[in-house]
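Going by the order they are written in, the chains are A, B, C and D; count residues from 1 in each one.
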Amino acid sequence: MTDMQASQAAHEEHFAHPNYWVVWAALAALTLVELGVAFLPWPRAVVVLILVVMAVWKAVLVALYFMHLRFEANRMRIFALAPLPLAVIIVIAVMTEFIW
Amino acid sequence: MTHAAAMRAPAGREMGAGVYNEKLGIWVFLGSEVMFFTALIGSYIILRFANPGAFAHPGKVLNIPITAINTFLLICSSVTMVKAFAAANMGDMGKMKLYLVATTLIGASFVGVQVYEYLHLIHAGFLPSGIREGSELAELAVAGELGLGSADPAVAGVYGSSFYTMTGFHGFHVTCGVVCMAYVTIKAFRGKYTQADHRGIEVVGLYWHFVDLVWIILFTIVYLV
Amino acid sequence: MTSVAAAADHAHHGETHELSFVRKYVFSTDHKVIGIQFLLMSLVFLFVGGLLAMLIRWQLGFPNEPIPGGAALPETMAPGGILLPEFYNSLVTMHGTFMIFFAIMPLLVGVFGNYLIPLKIGAPDMAFPRLNMWSFWVAVPAGILMLSGFFVEGGHAAAGWTSYAPLSAVSEYTGVSAGQKIWLLSIAILGLSSILGATNYITTVVQLRAPGMTWFRLPLSIWALFITAILVLLAIPILSGAAIMLFFDQTLGTHFFDPAGGGQPLLWQHLFWYFGHPEVYILILPAMGMVSDIIANGSRKPVFGYHSMVFAIIAIAFLGWIVWGHHMFQSGMNPRLGTGFMISTLLIAVPSAIKTFNWMGTMWLGSLRFHVPMLHAISFVAMFVIGGLSGMFMASTPVDIYIHDTYFIVAHIHYVLFGGSLFAIFGAVTYWYPKMFGRLMNPFWGKVHWLLTFVFFNCTFFPMHTLGVYGHMRRIYDPTQYEFLQPLMGINRFITISAFLLFASQIIFVVNFVMGWFRGARAGENPWEDNGLEWTVPSPPPHGNFATVPTVHHGPYEYSAPGVVEDYLPQNRPLPDGAGRDAR
Amino acid sequence: MQWILPPSASSYAGDIDFLYYLILVITGVAFVVVEVGLLWFAIRYRARPGRRATYTHGNMRAEVVWTAIPAVTVVVLGIMSGGVWNNIKGRDSVPADALPYRVTARQFEWHVTHPGPDGVLDTPDDFTLRNQLHVPVGRPVVVHLGSEDVIHSFFVPAFRIKQDAVPGMHIRVWFEATDVGAYELACAELCGLGHYRMGAMVTVHETREFEEWTVGQAALRSDAAQGVTP
């Protein structure tokens, strides 16, 4: 189903490609740091929090640079981010069963 | 040609999402995949909050070094994927083909490493239904080595269940990704992609990066926590 | 740009030469053919679901008496024509499953999503036609697999259409082994078909609207189908994930929902209803959208408060995600969560009220034509209001303590699903039948069917409120076991007889539907004098729908517009003053 | 079409019935307004030759009115219901002096462990009955509800109480019987092929008669082997 739009898309696609190797190095470094943090003798809650924050940070890096969300129009970002709040709602609500 | 003409996108910026159909389609599909993994990973997080004692300490049951390498492999495959797309964008078809082959091979090796890890775990006695009676892990559990809540290995039933379901379905998605990657690579070698029209690469690339993104989250909350 | 034009030409030269019968009618990629395929498939499953309901009603009306002609049923189901309790539980489970997953959902989302979206937005077809074909041809095996569950050893799934764990997770508790696995697999496969369909609908509505078809010139049926597609896209994967986990509990011996192994039975309920509540809005929103179109057409008057109607659809879709706990008030869930879910559930009554009063506002000062779709649409509003109001009793948590899992809930379900969605489906099928098949359904028999269905529907389901008020539990095989239910058996018998008459009167619809193909009056392009783009093309529309791309000048509800002789103005015809105007 | 609730026999049943009747009145009014309105519009504005529909697009004031009224009604209902819900099902709603029982549901019967004369559970004088729950009148009772296999639901229509018995969870359910008599206990959650015959009997005794009965039962139990009487 090619159509005129393909050419329109090809036009826009020439946005600046970021230096992917830098992003790759950042991801590799973050993974190494995570491995280090995982075995620190600190209290578990702190270690878990740091690890989760780093994981989310790496995920955001992949989404922004590899999936080009940084260069997309806001409309596309809405499609990308729409399901995230729904994912958080179910997990938080059911977790309150055990904490609250 | 009336049909083809009729297919042209609505005029003006206001209409549509400003991207070609397949790209919007894959992003919408990835939305449903996010919800699918929400069900699996969300259940793991909930079950872990419900009874922390059922889950072993990091590194005691699951092999962290191998999976760290596996994570690195998947990150590399993501980079080669996006380099392939950048090459196609710049019109360098030779480099694009090289990077596509690299991505496919690295992706396949990721699946291979995971299969090896599974076989190793099952051999050690770590099953979807929990820790096998009389296995190596069962003794460690009784000896209290694994950091489980109680000495009885049966308590770790839910650990095996959630581990294998999450990583298994992620592995399944990676395998589908590798198959699509192979198909795109073959099409690339047949010269089907040009600088003006290489949407197939971007679409499969987006799916690939999503699968990599899920693994990055999975690796941390399953292996390191 | 030549490479693109060439590619475009290459992809479509398929249309120039005649497609083989198989490519044109069986594995067709034309959204209209797929819509009709979904229509035929879901009407078959609607009939199957209805048959199961008759068996249920017989057992409740005349407990332990042999079913007339019941000897035909095998020994494992009804020895000597008397239903077995385990088969009764399978009947209850499968009635819910077939009606919700294989009848109403495909009828609303599969049929009208496929048929109406491209036509009403001025597109030649869906964004991904082949994916659309796959979406149908994945749903068919799911349906056949679900049907096959009746004939496996141990009988079909018997843990309710909600299949709560651990009853559904451990075979010994119900004696059903293969049946529950088949149920889970079939639901997972159907889920895949729904997700593919939803991806297609969303991309089509966003990308392929004809020039001038801005968001606020979309008909409300398309708004409803678009928002429903988003709900399907994000809710169905949760059910697929949960079904897979339950399937592993059954087969691999995992312990997700088994408390002995560290699992949580409530986890299944949370996951199921987190999917379940958006699901019930998937079952009602398209009906609301199409009813808005039909009532506007029948009243020859613009919809009252178009923007508030769109806002109400979006509000219902968003709130739909934070109310699931009201299914679990008494399930052992944290009581504080109960209070939170009560508040969000009560809030969701507001958009429903807005829609109801806007439908009435549309009829106000109108010039009402009582064609058959209009009769169904007005009865939709009348019946949906009763369903919505009975929902208020359950939203208040203390009252829910008493009426949860009683026939009050069953009455509520049927007033919104049968009184709501099914009446809208009858109306919509009659309304777009001429566009689909080029002939009209017989209006006289349409009215006879409407009247009988309306009367017998109320006779069947209104007394269920009374059963619920007296504490009659749902899903019980033989109510005579309890003293306090003995006096209610008279009502049960009345409901059973009305249910049989209701089922019988559906034959009129089937006959009218089939005979319409051959003996229906020929319908021109616009038999209902409607403004939608689909009424500006021949019926049935050719492949590719529009000879030339339509340009849209105004909203779909410019009925009785000043300065226009006829009392309707199709969207592709400019307004007398030449201005483009959103639907206000 | 009977809308009157059957007679109740527990302390908070009155609050539930009041809320039910309040909602019945509100929904009744809304029902009449909408159904009569629909009928009136259908008759009044039917197509008649020479009369054209009025070309209006709606009016904001009407929208505000029929958004505000349901919203206010709903908020009022929410506040009133919240209080009653906390009294019945709130985590700390169980009265301190409640007589403890342990009810364990299993596929297709209820095992009820009575506290015995000392009124304390898990003491030697406890005794277990099958499908029978005997409680004193006018004194709060707390049931420690559990299940051995699937999810059942402890439902006593006369006391207006319903609570699912979830395997792996111990949930406390309290009620205070106000009238002497025998009331039926039912299972309200589908629990397998015998779900329909999982009834039991709740008997409410006078206080004095209850004490005599308990002492009698305990004595009966102490000489016979500690077991489940049919």
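Criterion: contacts are C-beta pairs under 8 Å (C-beta built on N, C-alpha and C of every residue); 3 or more make two chains touch, one makes a residue touch a chain.
Keep in mind it's a predicted model, so treat the numbers as computed, not measured.
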| item | value |
| --- | --- |
| Chain pair with the most C-beta contacts | C-D |
| Mean-CA-position distance for subunit C and subunit B (Å) | 34 |
| Cα-centroid distance, subunit A relative to subunit B, in whole angstrom | 14 |
| Intercentroid distance (Cα basis), subunit D paired with subunit A, Å | 47 |
| Where subunit B touches two or more other chains, by residue | 4, 7-9, 17, 21, 24, 28, 31-32, 35, 38, 42, 46, 50, 196-197 |
| Residue numbers of subunit C (touch at least two other chains) | 4, 7-8, 11, 127-128, 234, 238, 260, 264, 266-267, 270-271, 334, 336 |
| Sequence positions of subunit D contacting 2 or more other chains | none |
| Pairs of chains in contact (touch as defined earlier), listed by label | A-B, A-C, B-C, C-D |
| Partner subunit C, residues of subunit B touching it in the complex | 1-12, 14-17, 21-22, 24-25, 28-29, 31-33, 35-40, 42-43, 46-47, 50-51, 54, 128-130, 154-162, 164-165, 169, 194, 196-197 |
| Partner subunit B, residues of subunit A touching it in the complex | 1-10, 12-14, 17, 20-21, 23-24, 27-28, 31, 34-35, 38-39, 48, 51-52, 54-56, 58-59, 62-63, 65-67, 72-73, 75-76, 79-80, 82-84, 86-87, 90-91, 94-95, 97-99 |
| Partner subunit A, residues of subunit C touching it in the complex | 1, 4, 7-8, 11, 127-129, 230, 234, 238, 266-267, 270-271, 274, 321-322, 325, 333-334, 336-337 |
| Partner subunit A, residues of subunit B touching it in the complex | 4, 7-9, 17-21, 23-24, 27-28, 30-32, 34-35, 38, 42, 45-46, 49-50, 58-59, 64, 68, 71-72, 75-76, 78-79, 81-83, 86, 89, 195-197, 199, 202, 205-206, 209-210, 212-213, 216-217, 219-221, 224-225 |
| Subunit D partner contacts - residues on subunit C that touch it in the complex | 84-86, 89, 92, 158-160, 164, 166-167, 170, 173-175, 259-260, 264-266, 299-306, 308, 330-332, 334-336, 338-339, 342-343, 346-347, 349-350, 353-354, 356-358, 360-361, 363-370, 378, 381-382, 385-386, 389-390, 392-393, 395-399, 401-402, 404-406, 462-463, 465-466, 469-471, 473, 475-479, 481-484, 559-562, 567, 583-584 |
